[in-house]
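What follows are several structures.
Shared chain: subunit A. Partners: subunit B in the first complex, subunit C in the second.
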Partner chain A sequence: MAEKEYAYYTGCSLEGTAVEYDMSMRQVFKALGVGIIEPEDWSCCGSTPAHTVDRVFAAALAARNLTIIEKMGTGIVTVPCPSCLSVLKRAHLGMTQDESFRNEVNELLDEPYEGGVVPKSTLQVMLEDVGLDAIASKVTHALPGLVVAPYYGCILTRPPEIAQFDDPENPVSMDKILEAVGVKVADYAFKLECCGAAFGVPKRDMVNRLTYRVLSMALEAGANCIAVACPLCQQNLDLRQGQVNSTMGSSFNLPILYFSQIVGLTYGLSPKELGMDKLVVSADDIVRSRITIEELAQREANAKAAEAEAKAAEKLKKAKAKEEDTKTEET
Partner chain B sequence: MDTLNLTKSLNLSFIEQVSKESGQNPSLCYQCGNCTAGCPYTHFFDYPVSQIMRLLQTGQRDTILSSKAIWLCATCETCTTRCPCEIDVAMIMDTLRIIARRENKVSEKDVKLFYDSFLNSMKEHGRLFEVGTLLSYNLRSGNFFADADLGPKVLEKGKIHFLPRKIKGRDKVAKIFTRFQEKAKKHG
Partner chain C sequence: MRVGVFICHCGSNIAGTVDVARAAAELRKVPGVAFATNYMYTCSEPGQDEIKQAIKRENLDRIVVAACSPRMHELTFRRTIEKAGLNRYFLEMANIREHISWVGLDKEANTIKAIETIKMAVAKVMQNKPLYSSSFKINKRVLVIGGGVAGMQAALDCGDGGLEVVLVEKSPSVGGMMARLDKTFPTIDCSICILGPKMVDVAQHDKIKLYAYSEIEDIKGYVGNYEVKIRKKATYVDWTKCTGCGLCMEKCPSKNSYDYFNFGVAPTKAINIPFPQAIPKKAKIDPDFCRQFTKGKCGVCAKICPTGAINYEMQDEIVTEEVGAIVVASGYGLIDMDKFPEYGGGRYPDVITGIQYERLLNASGPTEGHIVRPSDHTEPKTVVFVSCAGSRDKSLGIPYCSNFCCMYIAKQAILTKDHIPDSQSYVFYMDIRSPGKGYDEFTRRAQEDYGAKYVRGRVSRIYPKGKKLVVVGADTLLGTQVEVEADLVVLATAVTAAPGAAQLAEKLHISYDTFGFYVESHPKLRPVETNTSGVFLAGAAQGPKDIPASVGQGSAAAAKVLALFSKDMLESDPAVAKVNENTCVGCLKCKLTCPFGAIQEKELRGGKIVASVIETVCAGCGVCTSTCPCGAIQLSHFTDNQLLAEVNAICQK
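Then we have the complex of A and B:
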């Protein structure tokens, strides 16, 4: 694959509580030959809190980063966190579609943003720029027994005018990527149902209730793991799973993995490099279940052979019984 | 349920203000209730989002600005995505929150306090300092042990930084804050 370079805006979460998202995303991009460069001295995007203050102010906090990225000349910035992505896209679209808004935002900045950056999620870059065939071609390992509920969270594909990617009601990009690396994906009805992460600290009870529904529905869908693409969702479903259990009297023990960690596992990357030990709900069983695709093929061939043998034995038994029957009839 | 005297509390300029600031036309809403049907937070709201829309159409400024609903909306965008009249409902909720904040009418003080702790951390360091934000929120809200149970878990995973990562351009980020505050003062 041709080396294409992207600016890579990690956002604050990926430096702290979501460090394993950053670790695994970088490893997977490396394996796929996608070059990424971190913008120098990037700042926080402002996220939800800035939006409760003022729209121009919120856009300015995000646009400081767009100005820095614009100078890098990569054209596209790829963003793992949907909250950062949404804020960067809102600023970019608002400033390119409305001149007076752009002027107002630029008045708050040291250096103006001219509108030359396209923000895309890391999921979008993988699906559209790398492609499913290339993603599948790097697979060396299988995770038999794993059934994943793909959880997209609320704003990765919504509202459609801002996200401009995948379906706003039934997204499938993560499903497709996971299937391309040979993982079984459950039909999950709560792909987009908000887990409440933004209110985790001030409204714990409310958030625990919402999280409970998301986790329950994954079990009902027959999944034994949830895949996410959002650091806030991950933190909420994983770190707060114990809180949910004590508040709601449940006993969830459901590993919450970043989709990039799952892809990385199928690429044979080491669990350490993928930050598997950073997860609160242990994913050790998933890691231990990993086998090479040769082993899987052997396992499947053995199973087939055993099945054929059993069938042949059954046939022989039936034939013998028939023979006995005719013999008895003759006498 | 509250009884409102719509004639007495009608505020026409409020409808105009919200329409202008949000860029949306609230009169397009025909009360189908699709937004409320999909809202994950509706059980926690004092007024479901479709009722907020109706209150807005009838200019019920004070009831809306003192509602809990506008602060408990997480901007999950379900309402916006499903509105058959293509109203950006989440944008209207966002605008109402902004106006409530500006007028110091905040019904959910803890939510605002958390947002403020986040923004203060950002202004000071240029990036979010997670531990500092949580501690500042706990001190100022009086919920001294909010999420204290999670501390050992993240600590064990080596995910916590006890010192902020200050970026070089943090003064530039802080300048965005001060420029905005000056501009807001000038325009009242």
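Then we have the complex of A and C:
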């Protein structure tokens, strides 16, 4: 039985290109006992095109969903996609802070939005509502050898007056969650560097260049995997990695995982359930490296024992050498 | 009673949006008004003559001037009517400029509002009573708060003018920010070489009493007679015995104390003399780092001190000084690096502030003038300067320009080339602001003679790459992105109000702006005065300013003090609270509310307790009058009857 229930607004990407984000997020929430309900008859959040055209219209597209969620009575809606989240928050904040704007938007809606929904990213719900202790307590498996570069993208924490979560210029929420499940996190300087976003279609050269920077910095930071929380970032880094290699002369082979997939792996969930097969750059090596925490403990103990043995042998050798020295001296 | 009304055009300032002739005609109909006229500039000499003549000719005994704010010219017109033989409090001003003509465009509405406002003033002036000021003696000693260059200049000028000066400095030495600078622009003078002699003068001046490492605890009183409580903070070293030999600093085992003087560029000892030229050159213990305080045992300095000056039991001491005027020169602060997470927020050791770089350049600094990277002590070859780190940035609540950064960046770029000839400096700037004498030539020299590359654009972020720092920014002139691989990055962090500026302002009863800078009495004509009589401003406490401007203000404030003290007696303002002892019930609620401590208890002959106002302390704010349950305490010149007369005048029909 779930302790707390959230409305869960997936948005369009999680039904298509980012279906593995949806699969893994649902599995992780299930494992953590977080109940999620998908709003009925949800519609497009408005995404980037709407707010480049009309502010009121964009807010109305988002607020239609907020009205539906408000009636569900969960209070909070958790949103995996940062773009959906940003649009929903912008509409919510605009409508709660400015009465005339709220009236303008509600004019376009069948049913008015009264401002009773708090949109939060899935990352925020995990960090603040579930908590690191609870996240850590479900871990059954380890991923030794995995070093993750946490990549947040541009809008998860910015602009700060909309996002109202984590440090806008040096976010650490994903780092903390990954560390809590026992994964090694690299000190990655490009947490917020632009991936090229939606310019992948009109300006492919530019996006290839930007993606190249993000990927090479991860390697420089000593990472062998990038963790993301945004479908568009994932697409640019994963789907276009081959394109980057052919245009920039690089040879990246860097798996790009949703943070929820990594958490799911440490919870012992099957690769199939986590949608690992949906990734373009194969993460099979990571999956294969997975061991139980008991195995890890055994391995560590063995390593320690071996080390101790080696030390003892070294000592013995030295002692023998000394003995021999004295012997030769004697003779 | 014969009231005369004089309505000023103020050129077109008032007449442009108020029908002044119609207002005068309307006022002539008001009972009690014997004469009403309008005039182009009432404050001009002929304008004032007109008032004087009308008083005689028309036999007027009360005057209303409808013009600008009383803060501008009330005193002018009070003097005018006094010269014509009337008591100066028989004047009322109706503010029809700031309150009416400047704020409304509708001439009809403005004219009606002006007429109503003048009618109020007429009603009030008819209730006015003659008031007479009494005179009191002044204490010709001056308190200077802050021992930076502005405060020292004020102290020296006052001292040279023969006044006794009490100089209070928060840190262990005078010198302020200027003492930390390496060279000064645009002449590349050595900063401490020109400041040092001034510091010595302060120490040796027989009229200046210096309280170093001391803060203002409390200030009571009024112009001419202030009582100041000064907290002498515990140094744990008896400064009467300390000779400044520095043995203790040499032997102190606690080597990781934060060095406030060097802005943490390198650590210092827990017992230290902040810098070689310190005045007074005395040691002090930082109990946050001293092992005797943190661990309860050590005592090395006490053992080593040849004069036995160390005293771990020392307590703060409060001393009282009496002065007649105060110069506030409490300086400025700098924004914290943690406000810039995009530049590392203090996480990258090789991203430093301008003042830290100044200490690296300085021969008496922790690196003896060798420019090295804090991370690995290697010499940087590429140095990037980021101007406006926080300045002119509304998102950080700092919309203002920090005034001197453009200039010191140019200076630091020049000095960098002097120190490391094969180095390259880059300066990212928004605008180059160099309006002083010889300033623009100086910034050009940095670019043309010293090869500093100026890039017009902001820096978006800084990230580490190997041992280097990559500075990412825009070149808005070329319309392109720029990346520079730097060895060292210097942020020109924004100037803020000094820490504790607001608390000090409240002790002084002076106003400060949203940013914590002290507000001058008039931005152009009274730049070093405050609205509290007897309190003057100097230096960056009033707003960011460079050395010449601070020194100029220090001297200006001193001149103001000397002018104030050229009289032996001051006249008190009679517009103060008065107690009607017959109706006062002695509840003393007024005493509790008075923000100035101007009310005391008094026992009448029959044993009845009443409130009594100390006239010289009362500031005439009127808080007591609204507190008094029986209307027994009244503010002269603003009595209930006078204010109600005004209300009645506009609430007719």
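Quick note on the criterion: the second predicted complex is superposed on the first by the 323 of 331 C-alpha atoms of A that agree within 3 Å, B and C clash if a C-alpha of one lies under 4 Å from a C-alpha of the other, contacts with A are read in each partner's own complex, and residues count from 1 in each chain.
We adopt the following convention: a contact is a pair of C-beta atoms (placed from the backbone, for glycine too) under 8 Å apart; a residue touches a chain by one contact, two chains touch by 3 or more.
The structure presented is a predicted model; accordingly, all values stated were derived computationally and were not measured.
In the three-chain model built by superposing on subunit A, subunit B clashes with subunit C.
With both structures placed on the common chain, the touch criterion links A:P168 to subunit B and to subunit C.
Of the two partner chains placed by the overlay, only subunit C lies in contact with A:A189; subunit B stays clear of it. By the touch criterion defined above, A:T140 lies against neither subunit B nor subunit C after alignment on the C-alpha atoms of chain A. In the superposition on chain A, A:S289 makes contact with neither subunit B nor subunit C.
In the overlay built on the shared chain, the residue A:C44 is in contact with subunit B alone; subunit C does not reach it. When the two structures are aligned on the shared chain, A:N103 is found in touch with neither subunit B nor subunit C. By the document's definition of touching, neither partner reaches A:Q298: not subunit B, not subunit C. Look at A:R64: by the touch rule set out above, it reaches subunit B but stays clear of subunit C.
Taking chain A as the common frame, subunit C overlaps subunit B at a single listed stretch, which among 256-264, 454-462, 616-624 or 634-642 is 454-462. In the superposition on chain A, subunit A positions 168-169 are in contact with subunit B in one complex as well as with subunit C in the other. By the touch criterion stated above, subunit A contacts subunit B in their complex at residues 12-13, 15-17, 19, 41-44, 46-57, 60-61, 64, 107-110, 154-155, 158-160, 168-169, 192-194, 196, 198-204, 206, 210, 239-240, 242-243, 277-280. Note for the complex: subunit C touches subunit A at residues 340-342, 345, 347, 461, 463-466. Taken together, the subunit A residues at the contact with subunit C in this complex read 167-170, 189-190, 220. On the side of subunit B, the complex with subunit A involves touching residues 40-41, 44, 72, 74-78, 80-81, 88, 90, 94, 97-98, 101, 108, 110-116, 118-119, 122, 126-128, 130, 134, 137, 141, 146-147, 149-150, 153-154, 157-161, 165, 167-170, 172-173, 175-177, 179-180, 183-184.
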